[in-house]
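Two complexes follow with subunit A in common, the first pairing it with subunit B and the second with subunit C.
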Partner chain A sequence: MSWHIVRGKQKYIILYEDYVDITKLVRELCFHRSLLSLINVGEPDQLASILNKELMGTYIYLSLKVKKTREVLSLLYDLGFSPLDLQVVKEESERAIFCAHCHTVFITDDHPHAVCEKCNITLSVTNHWSTFHHAFLGSFEFEGDSL
Partner chain B sequence: MYSFPFPFEEGQSHYFYKNNAVQMKNRTTVQITPNYLKEMKLKRDTIIKNPERCFVALDHTYEAQWEATLYIAKELALRYPDTFTMTSRKYGFTLNNHLLKEEVRFDYKVNKEPLNDIGKHVQEDLILMFQREGQLFLDAGQLCFPSNWSLAFNKGMAFMDIHRPVPGFQEGQLDRRIERFLLHLCPGDPFERSNWSLMAGETLNTHLETFPEWGKKRYSVTEDTVGNYVHVRVEVQKLHRLPKTYTILFTIHTHLLSLKELSKDLNKANQLYTILLSLPKPIEEYKGITPYKSHVMNYLEGVL
Partner chain C sequence: MKIPVSVESVAMETNDIKRFRIKHRFNEPLPEIHPGAHILTYLPSNEGVIIRPYSLTNRTTDGRYEIAIKLVQKSRGGSFRWHHSVTVGTELEISFPKNILKPELLGRHHVFYAAGIGITPFLTMLHWCKETGRSFELHYGASIKEECLFYGYLKESFKSETRFYFSRERRKERIDYYCSLQRHPIGTHVYICGPPSFIENIINAAKNLGYPRERIHFEAFRSNQIKTKTSPFKVKIEKKCVPVKEDQVLLDVLNENGLSIPYSCRVGQCGTCEITVKKGDVLHQDSFLTEKEKLSFMLPCVSRGKGLIEIDHNSLNLI
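Up next is the complex of A and B:
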């Protein structure tokens, strides 16, 4: 799992699921003596009402499985949070891929190649990360050729 | 009088990567060239066929889109009075495009995608960069003639994140210096730069999405076809700070010239040859030149 600490925020929230280990992230945020809340992600309605009460200056880490991440991100954007207010803690065992051909975002194992679940094109997974789509670019590759 | 914008500085004999933006003398945003009708048809066909590849706009971008639309329309009417006329109204204007024989109404809040609408009258791609929290974000744009990148992927991303894969971009903190330069752009003081590459074929709309179609052409270059088939691709990029919304309007005009045409000027052919000799391998690969570079070098040696 990877993340970076964004300093100077009024408060930090970690949204997590039971089976995702957030110990290191918690330890690091505590080391910086930050005001911290941990929220186990449950029903979307409850989550929306909790997050809706947060004040400006709140920074959110999402430490969730990729599929859940996408659901929660959409909720956060609806509530008015922007990509600058949050960070996705990247899971190393699975990844969200943006298909360069049809723009579908799909979830796959950590592997250098992936097949788009919509257009079936084989993609080379790049390390170009979109902070907007929260996905890596899956691009094209010819033999002996890389983008 | 149109002339191909040769991208190298006088006397330049090596490739180097730097912020080569210079203050613009004529303060223009767009240029009408002899290819206007052909390129407008291609642009509009591309938009109709794949609108999601060609236009993006986040919800908060309307005011900046409208400002950019007015900015471009006014310039068209002022610089090309025989070709464009503009009649203002209280909440909009009408643009008469005499080349396309069209009269188009632009009404504030009625035109839902004004940047996309004005973009259908200029050869340039139009990108709007929004400044917040000390960064620049690509939140709106019309892109029909990209050099192998995806507007849909880059939507909503910061300048630094968009350019992260460019080889050498982070060396010597070049990325930070360019971002700082952009953040300090002032209204009324535009800059321009050019970016170059080579390409196999004469395709302007080389979206990342269609890479399998045009990318394979790089492997079909031969010693016999290289002169006519390989083109020097130059993007003239202009940077304007819009005064009201403080957005950066970034216009990209893409020009193509075959090696054969370019080589009619031996000085230019020689300069291209020496610069290609010094091109670092990662840049060569990033520009997609590697599969046919040896043919290009042999061709230029033959000319020289």
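Up next is the complex of A and C:
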């Protein structure tokens, strides 16, 4: 798992799922002496009512499986959070890919190539991470001298 | 491109603030504006054209612009001319409207902090917030009620969203930035306009509270009018040494000496007028250059020199 610590916030929240290990992240955040709250993501409705009351200066880490991440992200954006207020803790084992052709975001294993589940195009998975889509960019693979 | 205009009406708003309504000289409606827009005014005078930026406080339905100008003590330049020689019918030119400050469309809540004349860029933004049903609040500080620009209008139009703070009334009140900033919900955008120390204090408080930089917006706009004390200095261009009087803007002096340096905002926020400094101490008053850039460059639309400065003629990007 990878993340970076964003300093100087009043409060940090880690949104997590049972089967994701967050101990290392918790330990690092504890150093900062800011308020730290851990929320086990259950039903999005309950989550909304909790996070809706958050104030400026709050920063969220999402340590969730990719599918759940996408669900929670759209809820957070609806509540007024933006990529500036949160960070997705990246799981190495699975990846969300943004298809440059049809703009679908889909989840795949960590391969250098992936086939878009919607348009079936073969994409090469780049290192470009979109903080908006929370996915890696999958760009076209051109064969032979088609360019 | 400039627009030929004339002054349609002049009204005294407070002891030292006048409101001017400007119309197109050929009676065409002036261009539509975005909330928070400002214009550059080109006012002819015996000493040449005086160029100053002013926020638009309103665009009337029939296409007139309104600006409010505070008479700066000791001014012999922009505000002095506007207060003492501009009357109904005065002809001048203006730029097309520009925006340094504009409301963030995706903001969940908008908070405006204004001090004194700093309220002017917010009037059109407040209006936009109200019209489009956005959540917003205004914190407005002035010395006394009589000095509070648009007091009646704000009280009437934005009663529940506005809080006034009068520092010299019997019940003295100042904006408690920390307290106020601590209460804003996630997704808030903060907008600040007022004297430099006011802007700086709020920015620092917001940063300390963990606000992302992108959520803090400000207009350092009137720095050349609010900073009361400026001193004359000299600028060396190639072999020529030119004096810059205390009420002159370096950019204008360079221009008068045949160096047409491009500019846009004229408030030290866009970087268009950047020049390279070869020698001398610069009093930087912009909010654009980084600390490292300030070692070699300056923005002559707002910044000044101390004693004698020398600029690099070869690196000038003239128009």
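The rule is simple: the second predicted complex is superposed on the first by the 141 of 147 C-alpha atoms of A that agree within 3 Å, B and C clash if a C-alpha of one lies under 4 Å from a C-alpha of the other, contacts with A are read in each partner's own complex, and residues count from 1 in each chain.
To be clear about the criterion, a contact is a pair of C-beta atoms (placed from the backbone, for glycine too) under 8 Å apart; a residue touches a chain by one contact, two chains touch by 3 or more.
Note that the structure is a prediction, hence the values are computed from the model and not measured.
In the superposition on chain A, A:Glu54 makes contact with subunit C only, not with subunit B. By the touch criterion defined above, A:Ser139 reaches subunit B but does not reach subunit C.
Of the two partner chains placed around the shared chain by superposition, subunit C is the only one that A:Phe81 touches, whereas subunit B remains out of contact.
Touch criterion met: A:His128 reaches subunit B, while subunit C stays clear of it. When both complexes are overlaid on chain A, the residue A:Asn120 reaches neither subunit B nor subunit C. Touch criterion met: A:His101 reaches subunit B, while subunit C stays clear of it.
In the superposed model, A:Lys9 lies in contact with subunit C only, and not with subunit B. Shared interface residues of subunit A (contacting subunit B in one complex, subunit C in the other): 84.
Within the complex formed with subunit C, the residues of subunit A that make contact are 8-11, 51, 53-59, 79-82, 84-85. Of all the residues in subunit C, the ones that touch subunit A in their complex are 106-109, 181-188, 206-212, 214-215. The touching residues of subunit B, when paired with subunit A in their complex, are 52, 132-133, 148, 150, 152-158, 161, 164-165, 208-209, 211-212, 215-216, 219, 285, 290-291. Against subunit B, in their complex, subunit A makes its touches with residues 83-84, 98, 100-103, 126-133, 137, 139-140, 142, 145-147.
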